[in-house]
Amino acid sequence: MAELDTGLPSVRQVQAYIQEKKPVEVKLTTGDVLAGQIVWQDPDYFRLVNGQQEQFLLYRATVVYIKG
Amino acid sequence: MAELDTGLPSVRQVQAYIQEKKPVEVKLTTGDVLAGQIVWQDPDYFRLVNGQQEQFLLYRATVVYIKG
Amino acid sequence: MAELDTGLPSVRQVQAYIQEKKPVEVKLTTGDVLAGQIVWQDPDYFRLVNGQQEQFLLYRATVVYIKG
Amino acid sequence: MAELDTGLPSVRQVQAYIQEKKPVEVKLTTGDVLAGQIVWQDPDYFRLVNGQQEQFLLYRATVVYIKG
Amino acid sequence: MAELDTGLPSVRQVQAYIQEKKPVEVKLTTGDVLAGQIVWQDPDYFRLVNGQQEQFLLYRATVVYIKG
Amino acid sequence: MAELDTGLPSVRQVQAYIQEKKPVEVKLTTGDVLAGQIVWQDPDYFRLVNGQQEQFLLYRATVVYIKG
């Protein structure tokens, strides 16, 4: 994916999470669950900051779901 | 996938689930099973609302099956 | 994949299963095994009906094998 | 992949297994190991027949290795 | 991906890690966590050197997250 | 990937392993670790020979890392 397609509902949904600074839970293919806020997205990754202010670059294709 | 191909049987099947508000079970690559209704789909994600009205953005490629 | 390439041996093999209503076993990346009949395929999914007449939309890339 | 690129070493290696009817071991992402002979390949799948003459359509991207 | 798109936030973030020689933790789909420094990236792989000066070529699509 | 892009650092790194007959450890998505030498690569697979002279065709996308 070269560019984010901002016409897609999923891209807009994540954009809404970012703008509302919504607390979300993210489940990964490893079974890990991270809680925090998404601060940006691009076609391949999400940037998430958790409650301890730790920063994660999450590979989009290994994020099973975003709950929020 | 830039756009949903509404000519595909699988896209139409999910569209039918959405219109009928059909209860479905969704199994993920993590082994988790979520029960709820799909409220929309796009080329990369499904939006699912479970019985507790929790909302999930499910990555399509990590949804092993939809039973319904 | 926009369209099924009906010239591919794998597509024709699955098509044969569908026409013969052949009982198959399908193994998923989660380790689950489903037994039933494939009723249609498209580029992204298989439709499987099991012995209890339950219906599954199986994501092709998470189906490890079809035994039959 | 629309067509097998017969110029690729991996495609030719599998083709050699097929022509020699070479016994191979195939490991899957599920951890399963199947022993048998590959009888054909296409861009998406391998066809494998095991010692009990059971037939498998193996999804290429979930075959971790072929030992042989 | 033929070339790294240096306009993407994720590519720039990793580039910043490289330039700052920032210690990062990398989680893999196998559950392994590697700690070290990323020394280069390309469209398919990251090069990581750990505290014991061991070198790893990490497949990008199996790196679940980079924490740093 | 139709052809190996020999301009990529990762392709050149693996090419160096091949030319130096460097002993490497390869970790797979199944958790298996294979030790041996890579003897060739193509866009989809690596060929690895282990200490017992067993030969493996490793699917590139299921090789989590190459340590070497």
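In order of appearance the chains are A, B, C, D, E and F, and numbering begins at 1 in each one.
Here is the rule we go by: a residue touches a chain if its C-beta (ideal position, glycine included) is under 8 Å from a C-beta of that chain, and two chains touch if they have at least 3 such contacts.
Note that the structure is a prediction, hence the values are computed from the model and not measured.
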Completion exercise
Moving step by step through touching chains, the smallest count that connects chain A to chain D is 3
Problem - Length of the shortest touching-chain route, chain A through to chain E - result: 1
Problem - Angle, in degrees to the nearest 5, of the Cα rotation that carries chain A onto chain C - result: 120
Problem - Per Cα centroids, the chain farthest from chain A - result: D
Practice task
Taking all residue numbers used at the chain B/chain C interface, answer same if over half belong to both copies and different if under half do.
Solution key: different
Handout entry: Whole-Å separation of chain centres (CA-atom averages), chain C against chain E
Key = 37
Problem - Euclidean distance of C-alpha centroids - chain E vs chain F, Å - result: 18
Exercise for the section: With chain centres taken as the means of their Cα atoms, state the distance from chain D to chain E in Å. Expected result: 32
Practice task
Find every residue in chain D that makes contact with two or more other chains and list them.
Solution key: 29, 61-62
Problem - Ring walk, chain C to chain D and onward - result: C, D, F, E, A, B
Problem - chain C partner contacts - residues on chain D that touch it in the complex - result: 2, 28-30, 32, 40, 42-45, 47, 54-59, 61-62
Completion exercise
Interface with chain E, chain F side, in the complex: residues 5, 8-10, 13-14, 27, 29, 31, 60-68
